[in-house]
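Chain lettering (A, B, C and D) follows the sequence in which the chains are written, and residue indices restart at 1 in each chain.
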């Protein structure tokens, strides 16, 4: 694990880079450690700024029904709703639920895809955190199967 | 020095879809090595993108993003010939920027 | 590449040239060359020794040759091989054929053991699901071997201890212990005979297949 | 019957004759999963690295590999992959792509071939050989396998490779044919290509090098064969040893006419 000194040093590097790159409008690009350390979907959303949570048909989570391998599971989150601040992709049963947090700006569509590791079959979530702090989510189940001979 | 990314940016209509592959271990911090010691987490924490030098995209990632990560997003108003630059930075402070032209 | 093989090849080529022979090497020459290439190409790795493939038994040798020729073994040889393997079957020392199907399921699921990356202390698995459907619950199964779902039920085994079931119980034990006793060149490993599984493990597998309470027979 | 193919998902779906309903749903799900991964194959990363390595001045002799003869003349890359292994007059031996690359790295760049061959997969110069092989294979994408059997050694290696393919051994009595000798078989959910004949475009020999999602590694043909032997419970085949080249010759000749999709993406 990281030592405290390394963490401090790294924070300094990050701060330095941000300053030199002149990124002030992207202040939120600083890593939200609390959200990524949170175990549950709820706690991660809260750490990302959510004040309430509700299921919504206006948020979409995409992913396979079955993943042949948990090491690489293609997941996507999208919404057409206006006023979205962040889109989060989460895997409920991972040691820490939050996989990726996308910041929504006027310059990009609220539609992001990446690939996640999954330790086991689990519900996966797309969570849209709105400007007013409301979090709207959608989920689907992804089964992770055992592949080839090894296991 | 990290290996280069592969960036493909394709314009269609009033947007460009950007697909990125990054070369990174994305070590989860959950794995143990042969001697039983936990392999420390090592992963990309921040990804940002610029369109013709202007910030358009930013994301934060945890260690659960797969090794050699894939990312897809769409930039509004981008057209063929525009430059898309993608930057990642990992939790060890290593960083890499690559650029592609929208086709 | 190593010098030994190069020499072999060079001498083979030289021999062919010297004989003024433009025709292909004979089967015997090719077999000999293959043996030499195997010896020169493979090496020990951890607990896995080269003898595993250079000191194989007659069963493997004649079956490999038949496969290369693309013809099944002649009946007489097949019979001889089967009899030799049948004789080598070790029957349960305490007369008990049926073990715990729950343990059997775990062994059937496991594909671990005996590779050069496995620890030598690894408990070997049976690799069963790699090739067979067994229980209905496990959807990740192979198809190299036949489905074993309802194995006991189909064969009418309602009480494995009954005299009526004796023949099928014994056959099942024998097949797992040494598949080549019933089919000389079967693709199936000889789990007991080759020391992949021990007697207790074989007993659990037989339980998995024949115990009426096993999910296999539901 | 089911035709083993990770590429033509639709074909698999249409032809998949699964024994029970639940099974069919599962294999459809797996096919959807595989389709989702096709766009964005991390093999691209290794391909880019390989191209760079080919052109870069490296090694004790400060040279690039651009004069390397992969069988179609110095510097000719396109089309070389689908004709290997073949006999090389300069080394007087049968060589596959990786073996040949190591030869070029020694003769042109001054690297020590024996040292590279001893290096574990994924490490040091060996990982460079894999990246180079990935790029060179990619340059022949869509071309059809067409190995030469003109030279006596090419014929001999095919025959030896055939014997190796059917060689039963180890505690499990496995040969290559145990898994790859019949059409339409699987290990667990993994389709097994039949390798005694052309298994079809982009299947078997025509799919490697491939990116393995299970471990995030780029696998060359040498590593593919190495890991088959590991799972066969065989001893360790030396890198680019005659046995591996002979086996590859057998597989490559059998694959005649199959279009290469390498580098593929695999479980």
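Assume a contact is a pair of C-beta atoms (placed from the backbone, for glycine too) under 8 Å apart; a residue touches a chain by one contact, two chains touch by 3 or more.
Quantities reported herein were computed from a predicted structural model and do not represent experimental measurements.
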I need the common contact partners of subunit B and subunit D, sorted by label. A
In terms of C-beta pairs in contact, which of A-B and C-D ranks higher? C-D
Chain located farthest away, centre of subunit B as origin (C-alpha): C
Taking each chain's centre as the mean of its CA atoms, how far is subunit A from subunit C in angstrom? 47
Separation of mean Cα positions, subunit B and subunit A [Å, integer]: 14
Where subunit C and subunit D are represented by their mean Cα positions, the distance between them in whole Å: 27
Separation of mean Cα positions, subunit D and subunit A [Å, integer]: 36
Where in subunit C do residues touch two or more other chains at once? 127, 130, 139-140
Where subunit A touches two or more other chains, by residue: 71-72, 74, 115, 145-147, 149
Note: subunit B residues in touch with at least two other chains are 26, 66-67, 70, 72
Residues of subunit D that touch subunit B when the two form their complex: 39-42, 44-45, 48-49, 211, 213, 216
Listed in rising order, subunit B residues that touch subunit D in their complex are 3-6, 19, 21-23, 25-26, 66-68, 70, 72
Subunit A to subunit B touching residues, read off their complex: 1-2, 10, 13-14, 17, 23, 25-26, 28-29, 31-32, 35-36, 71-74, 76, 91, 94-96, 98-103, 105-109, 111-119
Using the touch definition from the top, list the residues of subunit D that touch subunit A in their complex. 26, 29-30, 32-34, 36-37, 187-190, 213-216, 231, 267
How about subunit D: which of its residues touch subunit C in the complex? 19-20, 22-23, 26, 92-93, 99, 152-153, 155-156, 159-160, 162-164, 166-175, 177-179, 181-182, 184-190, 192, 230-231, 233-238, 240-244, 246
